[in-house]
Amino acid sequence: MANQPSIAERRTKVWEPYIRAKLGFRNHWYPVRLASEIAEGTPVPVKLLGEKILLNRVGGKVYAIQDRCLHRGVTLSDRVECYSKNTISCWYHGWTYRWDDGRLVDILTNPGSVQIGRRALKTFPVEEAKGLIFVYVGDGEPTPLIEDVPPGFLDENRAIHGQHRLVASNWRLGAENGFDAGHVLIHKNSILVKGNDIILPLGFAPGDPDQLTRSEVAAGKPKGVYDLLGEHSVPVFEGMIEGKPAIHGNIGSKRVAISISIWLPGVLKVEPWPDPELTQFEWYVPVDETSHLYFQTLGKVVTSKEAADSFEREFHEKWVGLALNGFNDDDIMARESMEPFYTDDRGWSEEILFEPDRAIIEWRGLASQHNRGIQEAR
Amino acid sequence: MANQPSIAERRTKVWEPYIRAKLGFRNHWYPVRLASEIAEGTPVPVKLLGEKILLNRVGGKVYAIQDRCLHRGVTLSDRVECYSKNTISCWYHGWTYRWDDGRLVDILTNPGSVQIGRRALKTFPVEEAKGLIFVYVGDGEPTPLIEDVPPGFLDENRAIHGQHRLVASNWRLGAENGFDAGHVLIHKNSILVKGNDIILPLGFAPGDPDQLTRSEVAAGKPKGVYDLLGEHSVPVFEGMIEGKPAIHGNIGSKRVAISISIWLPGVLKVEPWPDPELTQFEWYVPVDETSHLYFQTLGKVVTSKEAADSFEREFHEKWVGLALNGFNDDDIMARESMEPFYTDDRGWSEEILFEPDRAIIEWRGLASQHNRGIQEAR
Amino acid sequence: MANQPSIAERRTKVWEPYIRAKLGFRNHWYPVRLASEIAEGTPVPVKLLGEKILLNRVGGKVYAIQDRCLHRGVTLSDRVECYSKNTISCWYHGWTYRWDDGRLVDILTNPGSVQIGRRALKTFPVEEAKGLIFVYVGDGEPTPLIEDVPPGFLDENRAIHGQHRLVASNWRLGAENGFDAGHVLIHKNSILVKGNDIILPLGFAPGDPDQLTRSEVAAGKPKGVYDLLGEHSVPVFEGMIEGKPAIHGNIGSKRVAISISIWLPGVLKVEPWPDPELTQFEWYVPVDETSHLYFQTLGKVVTSKEAADSFEREFHEKWVGLALNGFNDDDIMARESMEPFYTDDRGWSEEILFEPDRAIIEWRGLASQHNRGIQEAR
């Protein structure tokens, strides 16, 4: 089969880092909450790549520290006690840490302890951009955020609105379902399709396998893969079974999803979507081995306050219900249904791929090669 | 102890296959549903020996296929989509399989895929008999069904009615509890006993240990063990504790349970039961390592339509409530209470058996020697 | 750090038995129920150090036997059947055991079995003292109870009242939280403190590390450690953060908790507490690897019937609500919050201790050296 040479070999060699990355890739930026969810002086616990992290906004800036006391390992957020603006004190024995650098600056129960000033909680770099809170899970100086988001996401006049929810599947199944061109079939009855008069085929009959993807791996730029199936295939509008037509795609008037790409550390860009003037950016953020935070955003280029306000209204009144929930609920179901097959890693070697999976194969290879580290269980 | 020579040796050597068969014996027939539960064109998912299987009736005949798509491993029955009478299409990318031979005959999202015609889902032979659906979990050509049911079950003029439920114990504990003559004690307060005026001792004082069982292992026939305790023992009607009578068995007028036998792959025959003209056939069908489907049936020889109808009414109005539920509920409790001791296989070596367990010992040996394969976890 | 030399070494060598003792120490006495909870002829199942045990009072005396039948391993208490005062019969096949020595004295279903008189259930020595039922989990002749309770607990004129509850943490985290002087901080808002006008600092600034504890390991006596922090430290009443006062302790009029000590196999004595005339004795009894029975008692020296009655009333009307529940609820929360860090034993090597933990270090060492055995999983 020309389209799929030596899959077994790719699997064991080329994809090996990807298969190990059950908890995601380390040394990357991930969105974890909306900026509006982190209020001044109101700590919020999150879990990210298996690590318990505590967020707080201090003097307008958001900080992230390890949510586990150095002393006896209790979870700080089990009982939040903040006695100064810049610190949090462990509720158990009063070890007191600064939000900005994690340093143990005092111990309420033993002010003369030699540990004071000598220890520090792990901190995580935080950036606030486009109304999202990004956390860098890694070691050392973080790379610029712009290298970990899809091209255009940070563009100055692009307004972004979003939401997130927890999905019961590994993050890779989220990423692969999103980037998988063949999965359009599951959306065939979505009210978004008829309701928004969208062209939605049942699938795609791919052409030359060598023209189906284009990778971007330039230094200092986001690393990702474009799925070119749309250009190099024949869309399928009639599903045949044993010679007889069985189902049909939707022939609407709006052409959408013309450019689909996926980027490290696991974020999809669909353009335009779900409407000709919008772009969907969505992250599959590893939480633990069997769940991910599905962080969905829509972006629109707006050049005036009125346009921005109108997009914000439209986002909440229309697109959340019709697209982010209604339409994408099918995707969540698909990821959760794949999970048992991949939970013990047997799926990676037992799956049988077909031609449109070429894009997924490319993504697995790129992610294996260009990630900045594998997160280990801790 | 003459009755129980070298138990330890039997355990580690003779019973080894039986102890490994946590998921049951492969290459055997098992009942999974009543025929009336599988309607035309209405797929029903079941789990059997650890395998997810999807049943459907097409053109009157029942088929069984693996309930996991070859492509990305999703469960087909998570969203059943059948676009032709003879096929089921995976809801995810439209891989379409025939019910009869499992062949991948089309892919709705990519009709030209090279995989079409080259792949097939695993199928399972199915037979419908006596109102039950039997599935053969195995490889290659199945053995005739008649070799996997107790003698007489398929007799032409024997009417059969039944029901099934899930029990939270390994299937072997179901089988051993059923075949265990000493377990009558748990039924001493059952309303069936008084209500149906049955003779029910507390137990049996066995005679010559070599006369307690008779095995049948003829080629081409069902393989099983008869418990001859009834013939070679003294029934115990008075329970003594430290020299004083403590409890009594029930001296009714009806003699039942005269012949008790167990057959591969795990089905009991009690004759007559629960009434002099009836026979109980019951299966302990492995579902997973810690649960089994308890498939209970009653058979009666009927020679006219009226007799058949009358037995059917009696089954539903009387025997389900009094025997299959009321009486056998005690058995379910016993199996579930044994489960923790055997879950990690320690029970097989730590149990201390006594004389009436001779029949169970014989069954373990026969099952170890005459099964057609051990089901491995998959 | 002078206070904490070669912690890593202590951990791996000196504490090794303590770290292995996830299920507690074998060959010791543990309280399991109030005497009033075990009525004549009314078996009560308990779990202790991972073992299922069945208690019963026969002729006024309490006995304890293994709650698992020797035959097929079922739990006797799943269906209690006692047909004579001195025995319990297994509900399954009627194996009948004596409460006092566990001997298999009869089998109801087969009165002539060779097993009768040759087998016995494991029994556990029981003592009733101060209104509590103590069980000895071990082998051979038990040591005197007086060696396994804190000094003074059994004093003739000391009245004892108590209660128990299940806590979702390993027993060692219970013991360490109780003995941990630095943990007073968690109680700062307890109504007991203000309500009973107690002096309660935030913590203690320890003096000479070599004077912080005193161990008692004399032969034939209880083995334990006294925390001398109270005498050799400066109590901290003002909690400072980066140079500014943040919180304050409670300067009441009653001096309590002057002497705190912990004893094998895991029982704390706080004197006086929660009032100048009372003493709290509390046990952390291992149930399984992740839970313990928190057995709390208060003792008071009483010299008349009136004084005894008055203490009993006061215990139920005042101290249960104010101290044993209200105050100690904070301790339960702390133990359960530590549990995840220590569940897989990583906490023992990753924790970072500070000066007031000297007493805990001493306890771990003493327990490692003077326990009478490690309970293994069974």
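In order of appearance the chains are A, B and C, and numbering begins at 1 in each one.
Operating definition for what follows: a contact is a pair of C-beta atoms (placed from the backbone, for glycine too) under 8 Å apart; a residue touches a chain by one contact, two chains touch by 3 or more.
What you see is a predicted model, and the numbers here were worked out from it, not measured in a lab.
Copies subunit B and subunit C of the same sequence differ by a rotation of 120 degrees once their CA atoms are superposed, given in steps of 5. Different-residue interface: subunit A and subunit C share under half of the residue numbers found at their contact.
Separation between the centroids of subunit A and subunit C, computed from CA atoms only, is 48 Å. Multi-chain contact residues of subunit C (touching two or more other chains) are absent. Listing the residues of subunit C that touch subunit B in their complex gives 68, 70-75, 78-79, 83-84, 86-87, 89, 91-94, 96, 105-115, 119.
Only residues 1, 3, 180, 182-186, 202-206, 236, 239-242, 244, 246-247, 333-334, 337-338, 340-342, 347, 350-356 of subunit A touch subunit B when the two sit together in their complex.
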